[in-house]
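Structures incoming, each one as structure tokens.
What follows is chain A paired twice: with chain B in the first complex and chain C in the second.
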Partner chain A sequence: MLAGLIRPSSGTIRIRGMDIGSLSDDDISELRSREIGFVFQFSGLLPTLTALQNVMVPTLFSKGEAGTRARAMELIRTVGLSERADTYPGTLSSGEMKRIAIARALINSPSLLIADEPTGDLDVDTENEIMQLFRQLNREGMTIVMVTHNPDLVEYATRMFRMDRGRLEEQTGLHSGAPLPVSLSR
Partner chain B sequence: MKYLAYIVAGIRNKPGRNLAAVLCFALIAANLFTGQYLIAGEVGSVDQGVNRMGADLLVVPSEYTQLLPGAGSDDTMAIVAVLPSTYRFDSDILDEIGTVQDVAGVSAQLFVTAVSIPDLSSSPINVYGINPETDFTIRPWLQDPLDTPLGTGTVLIGRDIQAGVQDTISIAGRTYTIAGVLDRTQSEMDHAVFLAMDDAYALASAEGSIPPDDPRIGVGGVNAGLVRVAPGADRDAVESRINQLGSAANVTVIGRHFSLDPIAQNLQGLPGILNTISAIVLIAAFPLIALISAMVAHERRREIGLLRSMGATRPIIVFLVMAESLVLAGLGAAAGIGASLALLSVLDAIGFLNSALQVSFRIPSVAEIGVFAGMTLLVIIAMATLSSVYPAYRSSTMNAFDAIRQGSG
Partner chain C sequence: MNSASEFRFFRLVEQNLRNRPFRSLATIFAFAIIASTFFSSQYLMSGAQQSLDAGISRMGADILVVPTEYAHAGQTVILTGEPSTFFLDGSSVDTISRIPGVAKTSPQIYLATLHASCCAAPVQMIAIDPERDFTVSTWLKENPGITLGKDDMIIGSAVVQDIGKDLMFFGHTYYVVGQLQQTGMGVDNSVFVRSEDAYVMAEESGKKAVKRLTIPEGMVSLVLVRVDPQISPASVAAEIERQVPGTKTILPNGLLNAVTGQLNAVTRLLYGSAIAVTAVSVPLLGLLAAMVTHERRREVSILRALGAKNSFVAGLMLAESFSLAIVGGILGIGAAVGVLMSYQDLISQTLKIPFLIPSPLTILAQGGDALLLLIGIAGVSSLYPIYRITRSEPYEAIRKGES
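Right after this comes the complex of A and B.
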């Protein structure tokens, strides 16, 4: 709903002050390509594209300052897979695929990153690296909405919400100032 | 072009299914292309055969009939060139014959002389004069079209004369350049030379060009007028009209009653059969292609949902789904046309087409083949477009969120 994939039955969703419910489908698509990055629970990589090509897929739809190949490589380096850039997803572990998916979500420099269990398949060390990356991105101005079952990640969040029988309730006592990641727990 | 890698990747994703789709398109393309090729070749063969039958009627001096066994009309001969003789008449009568009802064309022929050139032909070479503007019996036998029209100083030669285009041939001290070579006719024409009529008269007037005892050839004298009857006209009636006109000029008419009609009639149904087969294949294949397109779109709905989440607009989704179908169609069409062309070439080389169609199959020209290939490609592309437009539209309008959650791809 935050990304405009589903229209709300009531209420409004504003991104950069813009009510996305009032936008046409094409305008929402353009907004997604420019402002929103997704990390799904599954990697969603295309098996016949290399890791690098997968990372660059969102640039196909971006009308703005599309990510370049160099930026794609930089992101792949950031997620620690520079040596696997030209390999196909079939040869990557599930954790590596998830990291490539994270790089893909960041390629268009979105202002909002929506991540569904982004560290679910990762070992502890990689999980920490990714969360550090998220923290750094957040400090640079990116809003990150993350869904997780892992209570250990709460320490990275500035606001936490809990989904309880369809109702979203904010958990108090986490706010630590300025814009910081929001963690949703369900 | 920026989507090319993605489109190619989509095709590589399901190689088996996409190979099947390409094969399906290839079979349709091969069917369409082969049909057009055979129809054109067959029609061309019959046309060429009819043209090479020459004239329907031959206007000759009355004495000429003495040269023919069982003088008069001949039911089997093809009238292409007059037999060598010194029986001539004035060509003015041919102008009048040209105005007779149902006469479609008249062309004069003059036998000038026979010469011996052992280096070029083991048989004596008969030299004829023809009118290049009106000739319709010699030209159809040319192996290749003339680069320049037959004119002063140039000749056409029969197949058994050992020379080629642009070679020269010397007759009674005059040198002529060979402009064209005729196909083999299995007749006297295979060792004959054909000059433009003005050159023929000039040659005839040269010292020693014709035997001293033969009557001189004056300008305007010809041995025969070859007459083409209008299509569908009664040949006997035309023959009768010309005979009435020519009796005063002492010319008579020899008729040909043999035609290619029986063969043409046998082949008449072939285009219809081939076109019907093509139509059936197209109609039967369309739902199959549409089903393949729908399967592709269904299998990839999660992927399409992902693309939507990354910012792909609906028109882009329509484009990507259709582009994949069109690439498969293009590959299939190319494969089908290529395979069809290769197979037809082999069948022609081993003589199968000639024996199967009972005609000397005429290979369509490169330009014709190009047109057939282009038309086939267009039909296949149109088919792929029509069959994929609805699945593409459905893909673009599906709920991206549901597609991501429920899709299998």
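Right after this comes the complex of A and C.
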């Protein structure tokens, strides 16, 4: 819903002050390509493309200069897979696929990164590297919304919400502020 | 950073096609079949038409008058050069000449030869009256320096002998002075001589030849008629048939109709196959595209989640479909051209039609037509899958992928 893939039945979602519920399908697509990076729970890589090409796919939808091979290679290096850049997803492990998906989510330098269990298939060392990268990106101004079942990752969060029987409640303790209940429409 | 380092739309198309080989090859094969059948029909029709145009232009006649009982044989001689000997009363030439609208008449004697050293099969010998001829004389005017003198011979393009060499028929030696250009019609298998030399040859054949040749006194085989420009050949032809009993007139249109008739069965088969293949292919290609689309729903949803608009997805699917159509079309047309050119003579003989390979420009235009047809089919067969996929909710497909 945050990404405009489904529209809210009530309430509003604003990104950079824009109510995305009022945007046309094309405008939402454009907003997604420009402002939002996705890391799905599954890898979501396209099977017919190499790892490098997968990382470059979002540049097909953006008008900027961000989509260069050099930038994609840099991101692949960042996730530690430079030697696997020309490999097809079918021959990558699930952890490697997840890391390529993270690189892909960052290619257009989005202002919002939505990550669903981004470290689910990763070993502890890679998990730490990815979380350090997320922390760095967050400090540089990127908003990261991450869904996780791993309580060890709480230390990386600046705000934490907990989903409880269809209600989202902000957890205090990390930052001050009143809990923010959000009704989820399905 | 140069543009070559970017990831482009057509690279995505290419990767999608290359890495789905079964779907791509099956679709290419279907398109190749449609293209080859459609193209072959066009190619055969235009080859026959071109040959007729060249052959009729070579004869230079508006009407051919033949004996009624040999109308079919006469037509076959003209179209395919299957040799035949037949006769018509020579006095009919004068009668025809007096009919209003007739500008010129040219009697010819048709003699089927025996096997000769030049030729794998008997050829058609055509004896002309140089004073009245406008078939060979037109060609002679275009080739100054060549004359048809005593015992001279002009040969068709399919007759194998060098100019300046001799050819013997019925024990009579002729001197080859010229060779006509290819028309694809019967004239290619014919040899032209003066009628007075043919009479001498017939007279001497009893002594010199294995088989005696007889040319009945005062007889001709057919009469070529040229009509005044402002007069309708059809009306003159009707008048000839009325005034000269026992004759049948053949007009160029009639020849065309005869060829079309002979071609009809083949073209019906080819067009029928093309239509049947197309009729079956469109839903099949649509089904194939729909199956692939269903299989690719999650992939398309990921593209949508990454920022692709519906128009991008539609463009991607159309580009893939068009690419397969173009590749299949080029392969199908290429194969058809290869087979048709390699077996041109066999096809022409089997179908009993005159045939000339169409010009490269015509072949290109026909290939273009076939490709346009394929692109149309590719577009139509993609419409429903595109409609389905662009109406589906990407979120649902992504959730299915997660479960």
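As a working rule, the second predicted complex is superposed on the first by the 172 of 186 C-alpha atoms of A that agree within 3 Å, B and C clash if a C-alpha of one lies under 4 Å from a C-alpha of the other, contacts with A are read in each partner's own complex, and residues count from 1 in each chain.
The rule is short, and it goes like this: contacts are C-beta pairs under 8 Å (C-beta built on N, C-alpha and C of every residue); 3 or more make two chains touch, one makes a residue touch a chain.
Computed from a prediction, not measured in an experiment: that's the story for all the values here.
A.B. asks: Judging by the criteria at the top, classify the pair chain B and chain C on chain A as clash or fit.
C.D. replies: The answer is clash.
A.B. asks: Tell me which touches more residues of chain A here: chain C or chain B.
C.D. replies: Between chain B and chain C, the winner on chain A residue contacts is C.
A.B. asks: So, A:Arg84: does it touch chain B (first), chain C (second), both, or neither?
C.D. replies: neither
A.B. asks: In the superposed arrangement, does A:Ser33 touch chain B (first), chain C (second), both or neither?
C.D. replies: The answer is both, since A:Ser33 touches chain B and chain C.
A.B. asks: Looking at the overlay, what does A:Gln53 touch: chain B (first), chain C (second), both, or neither?
C.D. replies: The answer is both, since A:Gln53 touches chain B and chain C.
A.B. asks: Name the contact category of A:Gly44: first (chain B only), second (chain C only), both, or neither.
C.D. replies: The answer is both, since A:Gly44 touches chain B and chain C.
A.B. asks: Using the touch definition from the top, say if A:Ser62 reaches chain B (first), chain C (second), both or neither.
C.D. replies: Both chain B and chain C are touched by A:Ser62.
A.B. asks: Touching A:Ile6 in the superposition: chain B (first), chain C (second), both, neither?
C.D. replies: After superposing on A, A:Ile6 lies in contact with both chain B and chain C.
A.B. asks: Regarding the shared-chain residue A:Ala70, is it in contact with chain B (first), chain C (second), both, or neither?
C.D. replies: second
A.B. asks: Common interface residues of chain A with chain B and chain C?
C.D. replies: In chain A, residues 3, 5-6, 25-26, 29-30, 32-34, 36, 38, 40, 44, 46-49, 53, 57-58, 60-62, 104, 108 are touched by chain B and also by chain C.
A.B. asks: Which bits of chain B are touching chain A when the two form their complex?
C.D. replies: 2-3, 5-6, 8-10, 12-13, 302-303, 306-316, 399-401, 404
A.B. asks: Could you please specify the touching residues of chain C with respect to chain A in the complex?
C.D. replies: Going through chain C, the ones touching chain A are 1, 5-9, 11-12, 15-16, 18-20, 299, 302-312, 393-395, 398, 401-402.
A.B. asks: In their shared complex, at which residues does chain A touch chain B?
C.D. replies: Against chain B, chain A makes touches at 3, 5-6, 25-26, 29-34, 36, 38, 40, 44, 46-49, 53, 57-58, 60-62, 104, 108.
A.B. asks: For chain A, which residues count as touching chain C in their complex?
C.D. replies: Within the complex, chain A touches chain C at residues 3, 5-6, 25-26, 29-30, 32-34, 36, 38, 40-42, 44, 46-49, 53, 56-62, 65, 67-70, 72, 88, 104, 108, 116.
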